[in-house]
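Note sheet for the following structure.
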Amino acid sequence: MNVLIINMQLNITRAIHDWLFSVMPEGAATITEWVLIAVAYLALFAVAGLYLVLLERKVAAWFQLRLGPNRVGPWGLFQTMADALKLVSKELTSTDRIDKFLYNLAPYFVIVTSLTAIAVFPFSEQFQAFDINIGVFFLFAISSIGVIGILLAGWASNNKFALIGAMRSGLQTISYELSVGLSLLTMVLLTGSLQLSEIVEVQRTGGWLILQGHIPAIIAFCIFIIAGTAETNRAPFDLVEAESELGAGFHTEYSGMKFAYFFLAEFINMFIIASIAVVLFFGAWLSPFGITEGITWFPEVLWFLIKVLIIIFLMMWFRWTFPRLRVDQLLTLEWKYLLPLNLINLVIMAIVIWMKWTI
Amino acid sequence: MGVDKKRFLNQYEAEGLKQVMPEDFPGKVIPGGNGGNIVVTTLDSVINWGRSNSLWPLYFGTSCCAIEMMQTGAPKHDFSRFGFEVARPSARQADLIIIAGTIVNKMGPVLRRLYDQMAEPKYVIAMGACAISGGPFYYNTYSVIKGADHVIPVDVYVPGCPPRPEALLEGMIMLQEKIKTENMSKKVNPIDGFDEGK
Amino acid sequence: MISQEVKNKIKTEEYFINMGPQHPAAHGVLRLLLTIDGEIIKNVEPDLGYIHRSIEKMCERDSYQQIVHLTDRMDYLSSNINNEAVCLTVEKALELEVSDRVKVIRTIIAELTRLASHQLWWGVMGMDLGALTTYFYAFRDREMINDIFEETCGARLTMNYNIPGGLMFDIHPNFVQRTKDFIAHFKTKLPEYDRLLTGNVIFEKRTKGVGILTKEDAISFGVSGPVARGSGFASDVRKHHPYSAYDRVAFKEILFTEGDTYSRYKVRMAEMWESMAIIEQLIDNIPEGDIQAPTKAVIKLPKGEYYQRVETARGELGVYINSDGNKNPYRVKFRSPGFSNLSVLNHISKGVKIADLVATMASFDFVIPDIDR
Amino acid sequence: MKNEDLQNIIIGLGTDLKFSTEASEFLNIIVPKEQLHSVCSQLKSNPDLKFNYAFCITGMDWGKELGVIYHLESTELKHRIVVKVMTEDRENPTLDSVHDIWQTADFHELEVYDFFGIKFNNHPKLRRLFLTPEWEGFPLRKDYVDEANMVIK
């Protein structure tokens, strides 16, 4: 069955490609193909985002001795669909004194950047939309643009709670960018390449990077997951929309679909951080110990998703367990602990590679 | 604020029936409307399905009923099963105000502002005796509004002092049923004409 | 480095923020006018009255039995203790001696109420600090207490179980067993609370050394309850002016001297253990006796002034009744613990961050209708 | 300390102090309003009295006079008294603020101002605390009428 689907997929994409190039000139065909891929990705990840929201609500319920949504559709599977439908049909409010242009721009900024980042991930050997040679750098760059959207939202909505939230977001992202970058750099030392597909290739032969780099890699992973959680503005780093302090934070003045973009972007960002971790530490779509390597029909994308979901679950676990940090403690954690540790770790990794102590 | 007699509308008065309630009765009855002869179109039913299953309440509780409202969200009663658990701290993102507690004269304008800030479609549940009529604070008090429906239009009334969590759940499910009978083309904003007593 | 000249040109401005009346940390409808410089709080000005229901005025036209049910709605989390306060005042005025059975049952019920209130506080404190799961753990256990109350007096929150002269009705036959079951259950769950929140590094960082209230300030501001005891001010009315059956049980008055948010937290956690200890001492030997002392249908207090202090979950509740001999009191004043506790908020939260203010407020455990009355 | 002993000490703190223990469990002291602040500060500072904890401050309308009742306790010496002060001026009642002696008086005086309209000299910021700033009248006075809002039973 599965083999059929995979083959069909490949055949279908191949057929569409051939057909496009046969009916129109090469330039137009390429552009059409891009658009088609973009639409497919958009649809896929809008749905993925919705189900991540549902997963979060279910996981929260399990942590909290509840059942979670279970009335809408079988096991509550359509709950977030209903939410999306409602949000689409909800009125878009605004106030008089907002900066209209920036206010309307901000949610798109956030959602577009997070959707763009998804393009470069190697979900499986064939399933990668955009394999550029500076993949890691691209991810790193794109994921930090999103904060501009948050800053715009906070600034443009002319609301003091929103402004405080946006400013917190700014300082949080600027600080934790460093840790994300440096911990990724540590791993790039091992791979010697920024191209994501090559990073996966390195792991196919030499084992997952977290094993190859052993101690420094594990430290890098811990730092990355802390900084990554902070980058996505999730608890315990959710100072941006700290409910008990700032109400709804930077998106206080947004309603309907514009709010939904922020809401969805948070979950897609979580997916991105988890995917980066999977690609750089856990061998992307590679199966553990190569157990499905010989099986040609096995959808490798499944391994990728399983790993991503495990890391997302870990991040949800943080959220439903830890209290929130205060803003100065947040900065202390980054600049006094994570950053020095990261720099030392980078040197250790360099020594490990120099002395050929890798496994 | 306070009880402004111009705003009263009596159900019997509205239907042209005999006046049975005294003129100075400090309460208002929203005339029964929304009859059964509504043609439910497919689009309506899809939108209504979405809206009814995704009622996000506003964080809003003024007094004792708020504790029972919290209890409704807690493990034993758990309104998250119906998708109600996404409580929003900002009125812009909420669909539903559960007026859990007494509304006093100072709070009245705030409640009204919160209601006005909410995006359409918006719904209101008056939870408990105080929100319905002033409850135990009806007599001899100078500061209590005798019923939150003097301030904003209410969809569902849940009696009790405070109502049990089951009662609130029942009220919320009733609201879902009400939403399922809505008609997009005939839907009127409940606040239209509210201040004039229509 | 920024030169001094540039620094002089940069001007920062303080701004106002309205925290509340509708705000998740407001615990209802408290409104705080914050003057803020960046994230640093310069001044906190509480604006009350968003749930001011004029209970004191209503009391002047109500009979004494009717007053009791209004107090339920005042501090709804310690409703039984509020009822008890009014009943004790009326009984003191009438020089009415209630039976031992009533005293013991009142004490047990009061301590159960205190437990329920502290559970809710714990859940909400966690929520205010960003750990939402605490809320659900607390409500799971609170529901058991509500069930006990429901079985005995038919209500879950606003019980109205005490009446002047005794109790509305006798306890349910299951009451003793269910209370024992609950204590046994909660003894295993309270350490779980500690594991979830108390030892957490972030929690300790957020609460230790935050919102420090000295003992002198606590006394001067009339602070009472766990907030005062967290600052070392021994203010437990149960210990110093015992009423009901508190003179016959052994319990510790929990005192911490640091005066910060963490010590207020610890006081309440320890008080839960003490409450359970009190209940355990009494539950097995509830004496036989009448549950109501005979009172007239219309109670008229002799002319005079009566004052009774009780310890609610929030602190010292004082009931002042001035009677002119009629069936209605001439003036009733409730000295609510929350009102005095709130007055100290501005004093201790100058110069802290917004997040610290939220943590401090959470540790004060405000119930706004108790402040506004 | 016994009430008689307390009375003997307090009697020296001011002139025209009236004492009574009738119909009350505490020793009641009626202080002339001019001496309120000086008597209160001595009640707190006197080493034999040390009334440092004002556990209740009540506004009062006796029909003719308006006034304030202070319930005081010494946390060290464990004795309690009641201080009463009244003014006959119902149009513009004014008393001295004691917020510098017991800081809790700050809020309680706001409450008394709100409900009884008694103004306090030297209060840092006298304002409506519970009611809206434009509220007319002082609701806990006995002569307060509000036909719009109050439904009298």
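In this document, chain identifiers A, B, C and D correspond to the written order of the chains, with residue numbering beginning at 1 in each.
Quick note on the criterion: a residue touches a chain if its C-beta (ideal position, glycine included) is under 8 Å from a C-beta of that chain, and two chains touch if they have at least 3 such contacts.
Keep in mind that what you see is a predicted model, and the values were worked out from it rather than measured.
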Original post:
From the centre of subunit D, which chain's CA centre is farthest?
Top reply: A
Subject >> C-D compared against B-D, more contacting pairs >> reply: C-D
**OP:** Using mean C-alpha positions as chain centres, tell me how far subunit C is from subunit D in Å, no decimals.
**Re:** 25
Subject >> Inter-centroid spacing, subunit C versus subunit A (mean Cα positions, whole Å) >> reply: 45
**OP:** Could you tell me the distance, in whole angstrom, between the mean C-alpha positions of subunit A and subunit D?
**Re:** 63
**OP:** Could you list which residues of subunit C touch at least two other chains?
**Re:** 23-24, 49, 52, 54, 57, 61, 135-136, 140
Original post:
Among the residues of subunit A, which ones contact at least 2 other chains?
Top reply: 64-66, 243, 247
Subject >> subunit B, residues touching no fewer than two other chains >> reply: 75, 89, 106, 139-144
**OP:** Would you mind giving me the full set of chain pairs in touch?
**Re:** A-B, A-C, B-C, B-D, C-D
**OP:** Could you please specify the touching residues of subunit A with respect to subunit B in the complex?
**Re:** 57, 61, 64-72, 76, 78-79, 81-93, 243, 247-248, 251-256, 259
Subject >> Partner subunit B, residues of subunit C touching it in the complex >> reply: 21-24, 28-29, 49-55, 57-58, 60-62, 69-70, 72-73, 76-77, 120, 135-136, 139-140, 142-143, 146, 156-158, 368-369
**OP:** Please give the residue numbers of subunit D that touch subunit B in the complex, ascending.
**Re:** 130-132, 139, 144, 146, 148-153
Subject >> subunit D partner contacts - residues on subunit C that touch it in the complex >> reply: 47-49, 52, 54, 56-57, 61, 217, 219-224, 233-235, 240, 302-307, 309, 316, 318, 320, 322, 331, 333, 335, 339-340, 342-344, 347, 372
Subject >> Residues of subunit B touching subunit A in the complex >> reply: 46-47, 49-54, 75, 78, 80-83, 85-86, 88-90, 92-93, 95, 117, 119-121
